[in-house]
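Order of writing sets the labels: A, B, C and D. Residues in every chain begin at 1.
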Amino acid sequence: MRSFLKNIGTSVLAATLAAGGLLAATGASAQQRPIRIGAFTATTGGASFLGDPQEKTLRLYVDKINKAGGVLGRKLELFIYDSAGDARQAVTYTRRLIEDNEVDIIIGGSATGESMAVIPIVEEAQIPFISLSGGNVVVEPVRKWVFKTPGSDRMAVSKIYTDMKARGFSKAAVISGDGGFDKSCQKEAVTVAKTMGIAIVADEVYAQADTDMTPQFTRIAGAKPDAIVGCGFGLGGVITVRNHRQITPQIPLYFTHGVGSQQFVEGARGAAENVRITVSPLLVAEQLDDSDPQKKTLLEYTKEYQEKFGEKPAAFGGFSYDALHIALAAMQRAGGTDKAKVRDEIERTKNFIGIDGIFNMSPTDHMGLDFNTAFRLTEIKNNGWHLVK
Amino acid sequence: MVDFLQFLLSGITRGSIYGLVGVGFALIFRSSHAINFAQGEFVMIGGMATVFFLTLGLPLVLAAAGAVVAAALIGALLQRLAIAQAKNASVLTIIIITIGAGMMLRGAAEIVMGRNFHSYPAFSGELPVDLLGAKMQSQSLWVVAALVLVTIGIHFFFARTRLGKAVEATFSNRFAATVIGINVPRILIVCFMLSAAIGALGGVVMTPITLTHFELGVPLALKGFCAAIVGGLTSPFGAIIGGLILGLSEAFAGGYISPTYQEAVAFVIIIAMLIFRPQGLFGRRAVERV
Amino acid sequence: MTSDTPRQLIACAVLATALALLPIVAPNPYYLDLATKACLAAVVCIGLNLLSGYAGQLSLGHAAFFGVGAYASAILCAKVGITPVVAMLAGCLISAGIAYVMARTVLRLKGHYLAMATLAFGVIISIVLNREVALTGGPDGMSVPRFNLFGYRTTGVWAGYGLAAVALVLAVRTAIVFVNSRVGRALRAIGDSEVAAEGLGIDIARYKTGVFVISAVFASVAGSIFAHADRFVSPAEAGFMRSVEFVAMIVIGGLGSVAGSIVGATLLTLLPQLLAGFDHYRHFLTGLILILIMIFMPAGIVPTLLASGRALHDRYRPFGRSARSVTGRTSEG
Amino acid sequence: MAPLLDIHAVGVSFGGVRALDGVSFSTEAGRIFSIIGPNGAGKTTLFNVISGAYPAQQGKVVIAGRDMTTAPPSARAALGLQRTFQNLQIFGTMTALENVMVGGHLRQRTGFPSALLGLPSVAAESRAMRRRATELLDLFDLAGLGGAVAGELAYGQQKRLEIARALACEPRILLLDEPAAGLNPSETEDLANVIRRLAGMGIAVVLVEHDMRLVMAISDELLVLNFGRELARGTPAEVSSNPAVIEAYLGVEVD
């Protein structure tokens, strides 16, 4: 039994190393042990639209940083697994990362559920974990070892309602899928509306795999909202805007960052025109003022991602960019990979200029984004992203 | 009234999609008493292969035809190289082979086309069609047309062609079919090709509406399978009617009652059917011979 | 499977010893996590195999019973504050009740009706778990308290493994004794020929109902233990794809074989871990492996290996035993 | 006292075809009652109606004084009715011994709870049943084949196994559907002895058989069916001298 398990262990390790293109890095044997970055993302399954760019971004930057000599004179070694957005698999892979791969930090959890599932494990193992999921519950209440980089749905929704009020709208309809990503946004959309004086006149749900949402939009049309808030991502997001164009083109449509990718606009084939989306500044980087501190980082990330993968990065890719760089910066400040020190340094992250915004973490805030930089309001015009000023 | 019409149109569009997916289940169940869990992947291949051929620069008609032919070939290969290879396999073994085949096709699409979704323009423009105040996507008409075409085609195939009659004979009694000289292995290949082609045709016409993605097949297959069950599992026409029933029920339940449990409608119908009409709408009651 | 009960109980003891030694030889808790999941899947599969491999009925919704057990434990422990053992029993009762009603409704019919009913019921359960956010946490799932027994709180992956291993040994022992009892023989007879079984006085609907309820309870217990082992449950556990995975496990391991259930469950639990490094090629390879196993071992791994072992041993018996068809008709002459 | 098996005017149609029309007969413990007739005369259908595989659409089936017309096969078995099948229905994946053990289903008690708990009584009962099954196998010349997978036995062995299985629950009525089909003359001779012995044990044997020599040699009473109706009934001597039977059947069949 033992040799059997050992075989599994070694063959898997070999495969992982080979896939990560890291065998080349082992040449520098005189050096210290590489810094081990552990990650799990939902590259397949329902949340694959979130996980795929996150995985690509991590691979891209681990490679790039290694080419530039690594961190603290040590190479990076990436262990990354596909959780398929499934809590059970996330738990197993997290144990694997901690116990078998002996990683120094864990980045991952494209979906809120899988992030929540691994929290007891990382807390018990006392290893820093930077989540890539949107739900506030991940960092509220603050847990010692858990951080996250995506701006929260509450911020996104607040931004939408602020714009709606500026346009004189007071009645909103919400349409969302039944996945965790959508649900989290929908919950905030309903809760925040109360505090901001917006009336929710319709709250419609569709199944994530649904191919047609016209009944939902017909009901929304009957409720006569001033505007519609879409909480969705991936295919569901595209079908939502297409059905919106079909049934209720006269009602303005807002969306949160779930549709923050150029593929969304292309898939919508014109139906995304005039839709307003709160999204990280990534998709409108060129339009930012030159004085904007994020502009340089955003343009660089866009360029590097596009060169490597032949497509523009989606907003979610930025989450893992931020997580990786915050972690590495913390290790640099800590002067090593001591987990407790790295954790303390992550918590001390100040003025970190990332893709999703500018991070200022604290013992009471393990996300560290502020309302103004986290999300920008954009509008789709001529199949392109435009900053609404 | 406009709402009613809108739900009706939604139901017909959905129903046609489910029907197009369901027909393949019925055809294969009829010929080999197996549930083909790769059926959804044939639909996905229809859309994906069309996208692939379009990017090669082929005109839409050729790309679509190429996708259907490609799917039919994959269907034949699946039968020949996998299912026929498992000698004396039980029905469950065949089911697991189709599950494996579905994963392979999904994996192949993932390798070739990546993990993004894909689509291509609707065949007759993107502007919604106005019908007495209700609006439908023009592509829905193409989906319905494909369903009608498949219905007529299947009818013609079973009623008029020698091959279709041979398929019927094989279904009624495989042993007797062998005795009267029907090449049963060939019939099975034909059934797999046919259901793959019909699934792919569905994929071709629905992709402008549903878009396509390497993992799209699984949820579609589940709905298509439900359509086939409602139709009695052995009847291609039953699957088409079953699909329309599911689609309309979903649209009206979602529209008039609440969309929250819209997804469950298909399954509630199945349970109701098992209680009240277990052989399905068009299924034959199994005749027990001792 | 001959009715050589003592020898099989020895096998059971060997299994128990191996499971007890595993924590000592396992390099680290990750392997225990995998072993826990394999054990729990095996428990589900042993129950499912009694239904499919012996009584010849197919269930396409067994994950729903796993989900019922998992959520019963999660909700009753986290929200009501009931002690885990009682919560587990409550889960069993709910699962058994659902299974009983379903079986009574459809098992009077002959054919694939149980497959359809379980499919529909399973998906409905997973939709309900997904939608009833206030109770279940919705799509994001919910956290579960630690398992405690007589006030003794257990910690870490060890406890989860311990529970799963004990459950597996009990399941194996129960299944072996059961299969070799009058009831088990009656079920196997039903799987082979319903007509003859009925003629011998076996009340087919009652026996199928009974074994379906038992298999549901096996799945429910596994689900409850899973909830405490992972300390987290999500609706995916009850989903259709999980149900299909359980069926794949028993067919690949071998229908009508307790050892096959364990082998199939272990293989399909480890496979994603083994293929984790292959990135885009993972799905393709998984599918290919499933197909190859089925082509070369259509009766499943364990029966095929046993048959070839026997063929070597006994030259006079040229044919290995073939797999039972799911409808269980083996017509001779 | 009521007869052990009483069939009263049963009728069955399949899609408009009358397979059985007003057939009646009754028989007693220890008697050998045979049903003969050309192919398609309704013999096997009559067996299926008696054993409960199909319900009788008209008429009554009375077993041991109880009206069982609509009862399922398992309930009829509980009253002591057993049958064998023309197209053998042995349990092909189980061993020969296990086949016979299942045959004794009604003579055992273990239910789901005790089977699951594995109580000592379960094993004890299995042991006792195994002993009885072994005896039955010996009785039918299957000694030593108990561990063999039944589906792999020779045809003649499977036929004997089926009878042994039917006897395991000590039936009062035994329906044998063409037991001699496929047997050679010496095997048929053995079979005749077996059937006589069963009758001698007090079992009411009902036989459907094409082998006229066998039927004529062992039957106490005969029923001749033709197109689902009774053509004649009586002792072998009476039937073989009945002109209608000679014309419709015996004239063609007997050489």
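Please note the rule applied: contacts are C-beta pairs under 8 Å (C-beta built on N, C-alpha and C of every residue); 3 or more make two chains touch, one makes a residue touch a chain.
Model, not experiment: these values are computed from the prediction.
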> Counting one step per pair of touching chains, how few steps separate chain C from chain D?
Replying inline: 1
>> Can you tell me which chain lies farthest from chain C, using the average of the Cα atoms as each chain's centre?
In response: D
> Across the interfaces B-C and A-B, which one involves more C-beta pairs in contact?
Replying inline: B-C
> In terms of Cα-based centroids, which chain occupies the most central position?
Replying inline: C
> Taking each chain's centre as the mean position of its Cα atoms, how many Å separate chain B from chain D?
Replying inline: 48
> Distance-wise, how many Å sit between the C-alpha centres of chain B and chain C, to the nearest whole number?
Replying inline: 30
> How far is the middle of chain A from the middle of chain D, if each middle is the mean of its Cα atoms, in Å?
Replying inline: 73
>> For chain A versus chain B, what separation do you get between their C-alpha means, in angstrom?
In response: 35
> Which chain A residues touch at least two other chains?
Replying inline: 44, 178, 205
>> At least two partner chains per residue is the criterion; list those residues in chain C.
In response: 131, 195, 282-283, 324
> Got the chain B residues that touch at least 2 other chains?
Replying inline: 110, 218, 260, 263, 288, 290
> In the complex of these two chains, what residues of chain C are touching chain A?
Replying inline: 18, 21-22, 25-31, 33-34, 37, 130-131, 133, 138-141, 143, 156-157, 226, 230-234, 236-237, 270, 272-279, 282-283
> Hey, which residues of chain C end up touching chain B in the complex?
Replying inline: 52, 58, 105-106, 109-113, 116-117, 119-121, 123-124, 127-128, 131, 195, 240-241, 244, 247-248, 251-252, 255, 280-291, 294-295, 298-299, 322-327
> For the complex, which residues does chain D have touching chain C?
Replying inline: 51-53, 72-74, 77-78, 82-83, 85, 87-95, 97-99, 101-103, 105-106, 108-112, 114-116, 118, 122-123, 125-126, 129-130, 147, 149, 151-152, 155, 158, 165-166, 169, 182
>> Please output the residues of chain C touching chain D within their complex, sorted ascending.
In response: 2-3, 5, 173-174, 177-178, 180-186, 188-189, 191-193, 195-204, 210, 214, 256, 317, 319, 321, 324, 330-333
>> Show me the residue ranges of chain B that touch chain A in the complex, using the header's touch definition.
In response: 3, 6-7, 9-10, 13-14, 17, 110, 115-119, 121-122, 126, 128, 135-137, 206, 208-211, 213, 215-216, 218-220, 250-251, 254-255, 259-260, 262-263
